[in-house]
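Common to both upcoming complexes is chain A, partnered first by chain B, then by chain C.
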Partner chain A sequence: MEELDGEPTVTLIPGVNSKKKQMCFDWGPGEMLVCETSFNKKEKSETVPGCPFIYIIRKDIDVYSQILRKLFNESHGIFVGLQRIEEELTGKSRKAQLVRVSKNYRSVIRACMEEMHQAAIAAKDPASGRQFSSQVSILSAMELIWNLCEILFIEVAPAGPLLLHLLDWVRLHVCEVDSLLADVLGSENPSKHESFWNLVTILVLQGRLDEARQMLSKEADVSPTSAGMCRILGDLMRTMPVLSPGNTQTLTELELKWQHWHEECERHLQDGTFASSPHLESLCKIMLGDEAALLEQKELLNNWYHFLVTRLLYSHPTVKPIDLHFYAQSSLDLFLGGESSPEPLDNILMAAFEFDIHQVIKECSIALSNWWFVAHLTDLLDHCKLLQSHNLYFGSNMREFLLLEYASGLFAHHSLWQLGVDYFDYCPELGRVSLELHIERIPLSTEQKALKVLRICEQRQMTEQVRSICKILAMKAVRNNRLGSALSWSIRAKDAAFATLVSDRFLRDYCERGCFSDLDLIDNLGPAMMLSDRLTFLGKYREFHRFYGEKRFFDAASLLLSLMTSQIAPRCFWVTLLTDALPLLEQKQEDIENTKLEMLRLALARNLARAIIKEGSLEGS
Partner chain B sequence: MEEIYAKFVSQKISKTRWRPVPPGSLQTAETFATGSWDNEENYVSLWSIGDLGNVDSDGGFEGEHQLLCDIKHHGDVMDLQFFDQERIVAASSTGCVTVFLHHPNNQTLSVSQQWPTAHYHTGPGSPSRSSAPCTGVVCDNPEIVTVGEDGRINLFRADHKEAVRTIDNADSSTLHAVTFLRTPEILTVNSIGQLKIWDFRKQGNEPSQILSLTGDRVPLHCVDRHPNQQHVVATGGQDGMLSIWDVRQGTMPVSLLKAHEAEMWEVHFHPSNPDHLFTCSEDGSLWHWDASTDVPEKSSLFNQGGRSSTFLSHSISNQANVHQSLISSWLSTDPAKDRIEITSLLPSRTLSVNSLDVLGPCLVCGTDAEAIYVTRQLFS
Partner chain C sequence: MFVARSIAADHKDLIHDVSFDFHGRRMATCSSDQSVKVWDKSENGDWHCTASWKTHSGSVWRVTWAHPEFGQVLASCSFDRTAAVWEEIVGESNDKLRGQSHWVKRTTLVDSRTSVTDVKFAPKHMGLMLATCSADGIVRIYEAPDVMNLSQWSLQHEISCKLSCSCISWNPSSSRAHSPMIAVGSDDSSPNAMAKVQIFEYNENTRKYAKAETLMTVTDPVHDIAFAPNLGRSFHILAIATKDVRIFTLKPVRKELTSSGGPTKFEIHIVAQFDNHNSQVWRVSWNITGTVLASSGDDGCVRLWKGISFPLWIPHGLDRDGPVMPSSFLLLLLLW
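Now for the complex of A and B:
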């Protein structure tokens, strides 16, 4: 057993005085039941009334969030789609398709984030507003991690494009730039705006050099003294060699050009071209990748990974994926500067830069309260064939473990259990068994819900579960006097024993009341009659009554005879059958003479047999 | 291909219904109601579909539907029907039938009337009652007919506190759905595969007619009557089979069409183009059955818009011929003549599609994946 990664949190149960009384608990699939006992810790048990409630404790409250439900439903669709196209994923298009799936997941996260953000703004009380806001930051962190994993593990960007992807990644997550840009541009005198230089700096930090150049030209228009410098800096910005997506130049060519450009920038700095403008000079230093200059902009950079990407952009644009973690570690150290320690998010990102997928997943599992993120990400990475089948303690691999945990959590929810079914389907080792256990425990309040559960079981050939569910429903129906429903359930489960039970009920009702109830059912049994002998008897007996009512005495008589000779009549009904035979004996039609004779013989023989038995078993009479 | 908009709404949708447009008006459908199920708190909600060509204030897509108002509903919403422009009748899994009233001026819903014990079970010999789900409701102003798992049929009138007529033990199995044939006659389907016609003018608790399939007693889940031919009825069964019946003739269906792979939950004839039929199923698909004959003039009848006067008169003169083919298209016993074109309307397979409704060129459906799909271009 591994050691604990952190201190467990303490949850206080309201109303229970844990100092005085002991509590008892029991585990459920995703929840815990807790209540107070009458055992006292120190003294003997008192009969002081304590807390009368039973509490349900659940760790995962996300499942009950209205907005996150959309995340669960939409991602379920993406998950199932991914499993289904697995067979078709071959060759070159495989990577592109997997990247598309990853982008789909991310867009679902973003949509959720957006809605949560709107809810936070519209929140009526500050507490729920705060809760929504914290959810937004959790979702944002999830998307950040997923995006990085997509770049490093799924897209597997090589040196060159790697930096472009990382730049996009950073730009996506620092969104204030666009609003600031709009703000400044919209103002009367952009270059006199108080945030003008901040804006230009952040544009440079993000590698958005075209826009930075535009800003500089506005400054040049307004202030002729710095016009010359702005133009030179603008030229440097324009001529920075960048790998563009359609470009055919090789990495070496790019490096050479970049080196050349870097030297030119260096020359300008040495010559003091920008000496008279501290803003422009610091911009030049940034473009040279000067660490000190970059660190001065800590506030604008906001986090170490932004610092990392900017640093790479301006000092090692052709960085190779395997070298990333060196720069990442040093960037983290430099940025934090020993003042603060890394947070969980930082550790996760660092593990990603180190290409340690297992560490990423492990840290995410600990940091997040819900299995959604790790389950889906791991499944996607598994499709990329990146996870070794690394057996855990109980035999299933990591992907399956996480999916099982997530699906079990869904089953604990009153409504999302339907999603869980599909997740179990795609867990080859323990999925079916888990589904069998969970599906029987879903409360069935209406027939329609029961039909859905039955359909799920039948599609997976879970005959045991079908029978047990149908039996429960049939029993309920019998208790409610819905014999037709009971019969219909036993037909569905092909449960002959229950069909017999239902038929016995009908026959008993007939004996008590002298007539049949629910004729619409018995008259129209159809081939279902064959399900059980008793049912067949019931159907045929009713038919006998119909024949008699229609005065088709020959048919009635032969049917009665066959009922008596076949072995399907229940013993208790024999007297009734014989009694029914009596009026037929009175009939004076020719064609039933033979039948009458047969019946008499049979009746006498049986009666004789019974008489003998009775005689023989009478005690001392 | 029709454009279909999906929206995830954080509740499993059991029923969707268009609000009827006032008769004689040229409006298209704008508002629909939904009911949810399997939640700790279920809701009956009213939605409006966006204006064509406009982007609404949130910058949402022009086609996306917005929630107008909702109200809590006790129990699952088993069935939903618009009683008139403002009132909606909801059938609950607790056996209660509720009439909700919509107040358009402040966009709220309120309970206007309720029959809390419309459906209940009585055990053998025990006087106590336990609730039974009410499974189907159908309205024909001012009457409301409900059926339930207790095999009971109730006839209510709006604003009458008690049921006007109750047929106890009308069926020994569960009644799944009900529809009006001619006004005093209703038709019910049950879980042993029978259709029963009841005439409220008659006294007594016996149906006036029983129809059923021979062979396996497959439960029937939904029923709909042809809008013009009152003797033509379509039913959907547990095995996904679509059956068309002519209730005047015989006790067996006229045609049986193998449709879905799982329970068919709803079947609807299009109210103004009855050559078109729509079905939705537990297998996650929604099908559009097009039995219109492939005559060029005929297809132009279903194109949107009347562009010129010549087109209009053309269609009127064709009325008689069209009417002929309408009568025979569903009752034709030879589907192999390839006259029925079937299209699946949802972009990808999803969890069960529980409900659908069509009005004019608009279709709405709701799924167990907690999504509502709307299209406004059914026939383009």
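Now for the complex of A and C:
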């Protein structure tokens, strides 16, 4: 038996004296009840008969966040769309489509981040502002990880384009550059701005050499002494060989060109071309991929993966995917310099660079507090057929496991549960049975909700759940004396026994009050009448009343006769039927056939005696 | 990760049990103050006490809800040697406006000679049935044949366990392949180290419950026991609260291999044992899909155990009756 490493998080419940207190608890569908108690079953408790609190514990406030709800809703749409187009994903376009799906997910995350960010700014109190901000950080980290997974696993960028994607990746996640650029350019004297050299440096670190060159020309304009050097450095920047999309040159050609360029830069450094300007010299060293020079810019780089990408750009631009992890590991070590240890995010990114998808998923599952991220990412990776070649123990089961977790979490929410239904639908092993267990527990607070739940169950032929839910509603209606409602739920449940019970109540009501309630329902039973004998009798008996009311005595008499002879009439009703027959017997209309009348009289003669005896012997039914 | 809210319980003495109803919108608490309280959750999420009444003449140990198919029904058991069944009566409209409801006693079950330590309703597919267990070592199974008449209950079975009983658990599986089954735990601390967990199974032919298994490896007092919900497995999972948390699987051996007519034989495996509470474990309970087990001990912690080995629920391969992987692992999440 194995236990996962790492101590789990402890949640302290305020008010609970956790010094050796015993707890009793109970699970609910979305919450847990906990209460302090004592399990030593003595009759008298020695402890102070405290008035303890009952604690209601709920997991995951994420499900309850207004802004995240949009994330859940929109990603649900992408998820369902992906499952549906699975069959159509073939050939060359498959990869492109999967990349598109991945980008859709990421744009949803970014939209959510933006909204969360606005909320943080607009927050009325510092505490909620902080909460929003921390959510933004988490979303940002998720997008960072997802983006990297997209580049490495879905796009499967080969050497060459790989670096370009990584550069985009890094640029996307360091937003300060653009605002700094605007700041500096907008100032009166850009090259005298206090952050000018920082800006140029970071542009170089990010491989944005055109913009760096423009900055240098501004410096050249105002400083004649360094104009020459700026021009030379600017030329080096301009001539750095890069692989541009659609470029027909091969990797080998690029490498050759790059080698030449690299040597030219080296020559300038050796010749001391930039010796009189420490800034320019440092930039040249950076462009040569000098580790020490790069590490001096730790603050601007901000993190080790930025350091990694810059390093690759200026020393191994044609790096192959399988070699990435060597550089990644050394970059992490160099950047942290033994001063601090890797954080969970670092471990996740490292696992990605090592192409260890399972490790990525495992670490994300532990680090993140809800299953949204790992469930959707794993599902997408599964569609990329990346999980099957791994450890058979999990394989595609990992996908299902995570989706089940996520969907279960949604069911704790009063409206998001509807999204959960679709996720369960796409879990072939346990989705159906999990849905059955969850959907039964949804509180049926309104008729609308009940009908919604029932529709979902009926669509999936979950007959037992339909029966159970209708039974619960029928029982509730009976207890509240809403017989019409009870009857219609019993019919929907196809519960013959209960329909009989409710019909009995109707008939009893009639006996007591002389009239029926819920006539509409009984009059329009249709084929549902056949559900139970008692129900059929109820329907037919009401029909008899209608005939009589419409003076259709012939029809009334025939019906009454068939009711008496068909044996579906309950015993207690015999006297009522016979009493109903009396006025008919006095009808002298010609259209009542004599034979029918005769039979009626016969039936009466036979049964009247029996009925009278019964009346006499019982206390009345 | 977790958010907590508190409600002042208002009981005048220790609370012994708390119980959610099926939908999680009502709860019941019972106490040494001899009363039961029922709480309702309003639309905006607040909890209100809608009923509070004296139920027994001794400490009330457990309270439990029947399945809502049977209406609003509770059962309670007590030190006063009785168990009782309660039904909610739809009140006058005045009461409803004041947010109060009334519960009436439908029956008192007085067969036990000693404190009744647990009461549990059977799975709904068995009808309206409940089991009680007592310190006198007897498990009693009662049935109400007419669900519309809750005052009529008959004692259907008396099962002698020979040891003072502390807890019972019905097997929730409604599969036709599984006969009704009940597990009984004992907290008897007498020196004869008899096995403290017994499993009884209903036999269709004899129409009686017969002992199917005893878990020989559990020799310490057992405080709580719980079958996990069954998601279509052929085998059963049972959690036990004793000096540690233990989880067993019981795999039915195919009937042809056993003497026909007798109770099912099981292959028993222990799949987990956790002593993280470092103390007696008092309660264990599964979530509704049986994917998380919660346990509480003397250390003021409720721990959540999550099965993350997928084959624990479905063995690798499509054959659901395949062997259980013994090396399944569980993730520990600590809660306060």
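Note that in this section the second predicted complex is superposed on the first by the 548 of 621 C-alpha atoms of A that agree within 3 Å, B and C clash if a C-alpha of one lies under 4 Å from a C-alpha of the other, contacts with A are read in each partner's own complex, and residues count from 1 in each chain.
By definition in this document, contacts are C-beta pairs under 8 Å (C-beta built on N, C-alpha and C of every residue); 3 or more make two chains touch, one makes a residue touch a chain.
Computed from a predicted structure; not experimentally measured.
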Original post:
Counting only touches as set out at the top, which of chain B and chain C does A:Cys35 meet: first, second, both, neither?
Top reply: second
Original post:
Looking at the overlay, does A:Gln66 come into contact with chain B only (first), chain C only (second), both, or neither?
Top reply: first
**OP:** Answer with first, second, both or neither: which of chain B and chain C does A:Asp26 touch in the superposed model?
**Re:** second
Original post:
Which holds for A:Pro52: it touches chain B only (first), chain C only (second), both, or neither?
Top reply: second
Subject >> Chain touching more of chain A, residue-wise (chain B, chain C) >> reply: C
Original post:
Does chain B (first) or chain C (second) touch A:Asn480, or do both, or does neither?
Top reply: both
Original post:
Where does A:Ser408 make contact in the superposed view: on chain B (first), on chain C (second), on both, or on neither?
Top reply: second
**OP:** State whether A:Ser445 touches chain B only (first), chain C only (second), both chains, or neither.
**Re:** both
Original post:
In the superposed arrangement, does A:Gly337 touch chain B (first), chain C (second), both or neither?
Top reply: neither
Original post:
With the two structures laid over each other on chain A, which partner does A:His76 touch: chain B (first), chain C (second), both, or neither?
Top reply: first
**OP:** Take the contacts of chain A with chain B and those with chain C, and give the residues found in both.
**Re:** 445, 479-481
Subject >> Parts of chain B lying in touch with chain A, wherever the complex brings them together >> reply: 8-12, 37-40, 58, 76, 78, 93, 121-124, 130, 132-133, 135, 149-151, 171-174, 190-192, 194, 196, 207, 210, 212, 214-217, 219, 238, 262-263, 282, 348, 350-352, 368-371
Original post:
Which bits of chain A are touching chain C when the two form their complex?
Top reply: 1-4, 7-39, 41, 43, 45, 47, 49-61, 369, 392-394, 397-398, 400-401, 404-405, 408, 429-430, 433-434, 437-438, 440-445, 468, 471-472, 475-476, 479-481, 501
Subject >> chain A contact footprint on chain C (complex, rising order) >> reply: 1-20, 22-25, 27, 29, 32-33, 39, 43, 47, 58-59, 61, 68-72, 79, 88, 90, 115, 117, 124, 148, 223, 229, 231-232, 271-273, 280, 282-283, 285-289, 291, 294, 296-302, 308-311, 313-314, 316, 327-336
Subject >> chain A residues within the chain B interface of the complex >> reply: 66-67, 69-70, 73-74, 76-77, 81, 118, 414-415, 418-419, 445-449, 451-452, 455, 459, 479-485, 487-488, 491, 517-518, 520-521, 524-528
